[in-house]
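Right, I'll just put the structure down here and ask away after.
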Amino acid sequence: MTAAALSANGSSPASTRGEVSIRDLSKSFRIAGRDFPVIRNLNVAIGAGESLVIVGASGSGKTTLLRILAGLETADAGDVRVSGRQVSGVGAERAMIFQEPRLLPWVNVLGNVAFGLELRQGARKVPRREAEAQARHYLSLVGLTDFADAFPRQLSGGMAQRVGIARALAVQPEILLLDEPFGALDAMTRITMQNELTRIWHEEQVTMVLVTHDLEEAVYLADRVLVLPKEKHRAPRLLDIDLPRPRDRSSPAFTRYREALLQEFGLH
Amino acid sequence: MTAAALSANGSSPASTRGEVSIRDLSKSFRIAGRDFPVIRNLNVAIGAGESLVIVGASGSGKTTLLRILAGLETADAGDVRVSGRQVSGVGAERAMIFQEPRLLPWVNVLGNVAFGLELRQGARKVPRREAEAQARHYLSLVGLTDFADAFPRQLSGGMAQRVGIARALAVQPEILLLDEPFGALDAMTRITMQNELTRIWHEEQVTMVLVTHDLEEAVYLADRVLVLPKEKHRAPRLLDIDLPRPRDRSSPAFTRYREALLQEFGLH
Amino acid sequence: MSVQDVNSTVVALNGEEETGGQKPLQSLLEGAGRFLSRYGLLIGFLLLWHVASIQRWVNPSVFPPLDDIAAAFWRGMTQGSLLADLGISLQRSGIAFVAAVAVAVPLGLFMGQIRAVERALDPILQLFRQTSALALYPVFILLLGLGELSKVFVIFWATIFPLLLSTIGGVKEVDPKLVEMARVYGASRLQVFRRVVLPGALPSIFVGLRLSATMALLMLIASEMIGANQGLGFQVMNAQFNFQIPLMFSAIFLLAALGLAANYTIVLLQRRLCRWSNAPV
Amino acid sequence: MSVQDVNSTVVALNGEEETGGQKPLQSLLEGAGRFLSRYGLLIGFLLLWHVASIQRWVNPSVFPPLDDIAAAFWRGMTQGSLLADLGISLQRSGIAFVAAVAVAVPLGLFMGQIRAVERALDPILQLFRQTSALALYPVFILLLGLGELSKVFVIFWATIFPLLLSTIGGVKEVDPKLVEMARVYGASRLQVFRRVVLPGALPSIFVGLRLSATMALLMLIASEMIGANQGLGFQVMNAQFNFQIPLMFSAIFLLAALGLAANYTIVLLQRRLCRWSNAPV
Amino acid sequence: GTSASPADASDPYTFRFLPNRGSVSPHELAEVLGYYEPYGIKLENKGFAGGGPETLFALAGGSIDLGSAATSAVLNSIAGGNDFLIAYPSNGIKKGVESVFYVLEDSPIKTIEDLKGKTISVNTLGAHLDYTIREAFHQKGLPPKSAKLVVVPGPQLEQTLRAKQVDVAGIGYWQTTFGGQLEANGGVRPIFTDTDVLGELAGGFVVFRRDFAEAHPKAARYFVEGAARAADWARENPEEARKVVGKLLDSRGEDGGLAKFWLGFGLQPGAPITDRDVGFWVEALSREGTLPAGKINVSGIIFRPASAKAGN
């Protein structure tokens, strides 16, 4: 199944598909009568199949940036392109994992995972059976096979988050936007999920933009790390993570990258 | 203000106030026609002013345990006492930080922080002015002074979580139940909050039961760590953290405790 | 017998276990308690009515004793036309209600979602909503005649608005985060409707359905005031006009029973459709 | 002049900047566009009415041209009793509406929260709800007499139920997680009501308020059918009885205008009270 | 004679009542003519009733002092347990004051036999017009339900006939304002009237509560006598009566111009209550089963001013 999707991806025009380009992006919000600048003059280009991890303090604009990429928020100024097309709304080639699980309360876990697949119409339509099978596959991936028939209100916080992850993976998008996907997971589950995500990212050559607060996670997953500053007068910084994969979390090079990131935050 | 509360606490009958005792606690849920045991035969006694940190895999029952202590969930069997009284519902001496922020959407940030204080009636009634001043104090503690007039929908995930923390701290409870309170915070903010929490815990001699997935956080905050197993046939384990405070995260002893916990999870 | 005695001693001792001999009586008592806690007030009200009528605390020609009403009901059902009235009224209300649902729910979902549509339709719908079907009789009769059409339309007119307003209100209460989620996953407008907005608005829609179903039955009286010679609403007014009060109350109670049945059916349907929710309906 | 010309060329060129000379016209056009998109259908409807009447596509004795209605309205206001009718009707509807709000909202909050209360009250309230005020005239007249009380009560009776049902529905849709939170922070039952349940149920309550306000005005016609000699509802039926169709429509339009005003007021109030929400009301 | 002199006026009383839209009652006329003034009797208009029976409910509840309704409703109300007394017939039918069944000029309907299978509008079922039609069919040997009756309120009678939504419009003798308007607008013709079928008969009655009549025998008597005098005067002075009725309608906020269609009360001299006035309906309702046989003792429910006087 994933293999088929992979070859479908492979046969696409290589040049722009999966690429993201952000130029001179600015965004501010008005709160209680005052303007709060959130993103100022951001320039980033993300290559097809690249993995960009965004870190930054709480409120630094990480979610806002993902939402602009998803087409849920419009920029005040600047140019955002995904797969060569200017972003002017949502698009099925991008899937997002929100900071909260956002599960449909009236559908059971399996239905929630199958949600994105079942929406497909026309030529891309997935037969019900197949959608369900695929959903079960991703559900087992996040370790929730036993809970296929449970309803969202019966899940723990981390279980709900995993259902959200399975839902996003199941649609096999060109671009995967993940907002703190593993934030509510314990260390062990988190490592399993990180490895699964790496595998899928590699196999399906999906472009990945991931927000996290876990700097080890950032180094483990990223091709490059984008550090958003909290003070808007400081420029955002990009850090290349030049490590071979699979990465060894205990290697000295890994630790060095992690400490470099900590320094970006003013820690250590 | 906090000093006054401290002395008030100090003059209380010392024996049971702030103590928690859990005996033979069991709880299971019925999901899609099947019974899932969540807690089996748990026995823990938490001393007054102690800090117990709970860790465990996603779905291992951490939230459920906190909810039983808060009086929001009833146990299937067993005896749960807080400050010597059997728990049979919520009580103002316990405050909880939920896994989600649970802010009132119709009240601004300041109002949400003041919520618990404004509820007080009778002899414990806090004048409006004072409640607001106290709320502002705790709001500045979580770094959100500028957002006092913002509404919850205008906050980032981590900001909302910090508002929830400020709300719980503001009521200065005897027992503070915290469900992954810093899960959505960046490393730097997290460390600041951990230190603030330690200071308040120490100053106000509050009993603290905290759930986290961050093992470093567990070692940093805990007097003892309770490890809930995922497989219910295994017994829960308790680990004493015998480190002086303030604790040094980079000390060898700290690292040893962290690795001991990792082993409990089957990692390393 | 002696075995049972032993059993019941056991029951008395441990106070929890229930054994064969005791169970039926106990569960009967419990059932009765449940029944009374639910229907006690209603039964009390009816009893009060009956006693007040017999004791002449109220004028029994306007509040006849319940057995008079029952007798009139029986006569109306067996010899009179009540059964036929029931049939024709059910048909009128039913058609009007179904039509109202068919129009109001899609329209409400539409208006609740798309601001421009709501802006354009709201003023005229509000105007219509404010206009009593009773006042518009001459207009309805002129345009629709005296036949079934005008009767059904009068009911439809009054029935559609509670449902429309509730549906629009429900749509606006749907969590916008879920709508966003669906859009990100490529849901078309229709899919967002069907998979997110509709289920999210269901509780409000059901309130609207209950209001509208009641309205459809209440409007029978107004709609059958003109050009009718059968129907429960007609019977109510006709019996009132001829001072046949027991017959009037028979028809009123029959209408109320229909309303209760409709209400109950809708609540059952809601329980079925909203099984995911743990809030009791 | 030439300066303006230069300016307007600039406008034409960059297509975005707006300068003094152009602005009023453009914003006028925009305003007109907004107005039309909102009221276009309504205006179209009235125009169609007028033309249909003048061209005799419909019977002008039943659909009089709008200027006839306006003239009757003017006469009714200046020489006739329309103004006094308006006053008395506003009073009747107003009292009934306020009473309905005072009963239905607390009762609904109560019933929505406490299952036992709802179970006990539901059957009898459902029975009452299913019973038309129109059918119960004899009862109301007998018990309450012919004065203002019975008129206000007839309106009250019909007005309370939409609000009650909507309030109960709203309470049940309140996020139980927030209720839990409040309880953990030591909120008493009353405080949970006031600080969580009430604001959470507000959108539904407002739907109920709008339905009920309309109902309070619609029921004027029914309530002023008996024992009345003034009021807008009385005027509608009286004018109908006396073939004064333009006067009848004057009163109908006046009633509708009241309804629109009430609706608008409630929507404004909701906007004020629910400012925290970004969902457009 | 039996009429009292102002000297006996020791029982001033204000009668609260509900007028019916589009029709006037003899007692209203009596007040306008000043017949009640010497006795201190006044009328207080409490607003319009939606129909006769509503006045009976209000009477039962004590909101008013006199009710006025069709005979069938009056009898049913008494059978239902109301202690009412029939005071005097408020109106009746006789040649010239009668209910008329109209068709459009070009209608194929010419005789009662042609009504078979047609639709006839009436103000209500189970009352005067309904029985008139049944009686008409009975006299022609047709089954009672040969035509389809539908209820149409007065204001819509003409509209529905002209729009051919009904074949025949039955217009009650008490609805002559609608009938007059209909004839004035032309294009219609009558088929038959109720007097053709029923002869002369009272249509409806004014009723008191028995306890009231017993508490205020004199006031009740003067009231009835004044009403009878007014009815006699109206019969003898029809032109003047129409003018007074016009003014009365105007003063009630109705269209006084419609008084030109007013035909009179249709009562016998002295407005007596005859056996047939009540008996006809007792028999009809008993036959239907709505009125249990023997439930009504006719002589016991009639208010007799003479005996009231004797009681003094």
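In this document, chain identifiers A, B, C, D and E correspond to the written order of the chains, with residue numbering beginning at 1 in each.
Note that in this section contacts are C-beta pairs under 8 Å (C-beta built on N, C-alpha and C of every residue); 3 or more make two chains touch, one makes a residue touch a chain.
Protein names from UniProt, one per chain: A, B = Sulfonate transport system ATP-binding protein; C, D = Sulfonate transport system permease protein.
Bear in mind the structure is a predicted one, so any value in this text is a computation, not a measurement.
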item	value
Chain hops separating subunit E from subunit B, counting only touching neighbours	2
Chain at maximum distance from subunit B, centres defined as averaged CA atoms	E
Chain pair whose interface holds the most contacting C-beta pairs	C-D
Rounded Å distance between subunit A and subunit C, as computed from the means of their C-alpha atoms	49
For subunit A paired with subunit B, centre-to-centre distance based on mean C-alpha positions, whole Å	30
Separation of subunit A from subunit E, taking each centre as the mean of its C-alpha atoms, in whole Å	85
Touching two or more other chains - residues of subunit C	59, 62, 137-138, 142, 240, 245, 278
Residues within subunit A bordering two or more other chains	100, 108
Interface hub residues of subunit E, defined as touching at least two other chains	53, 57, 60-61, 155, 159
Contact pairs between chains, per stated definition	A-B, A-C, B-D, C-D, C-E, D-E
Contact set on subunit A toward subunit B in their complex	29, 31-33, 55-60, 62-64, 99-100, 108, 147, 149-150, 154-159, 162, 179-180, 183-191, 213-215, 262, 265-267
Subunit A partner contacts - residues on subunit C that touch it in the complex	177-178, 180-188, 191, 195-196, 199-200, 202, 274, 276-278
Residues of subunit D defined as touching subunit C within the complex	37-42, 45, 58-59, 62-63, 115-116, 119-124, 126-127, 129-132, 134-139, 142-143, 161-162, 165-166, 168-169, 172-173, 176, 203-204, 206-207, 210-211, 214, 217-218, 221-222, 236-237, 240, 245, 248, 252, 255-256, 258-260, 263, 278-281
Complex contacts: residues of subunit E adjacent to subunit D	18, 21-22, 45-50, 53-54, 57-58, 60-64, 154-155, 159, 181, 252-255, 258
Subunit B residues touching subunit D - in the complex, by the definition given at the top	70-72, 90-92, 94-96, 98, 100, 102, 104-108, 115-116, 119-121, 151, 153, 167, 171
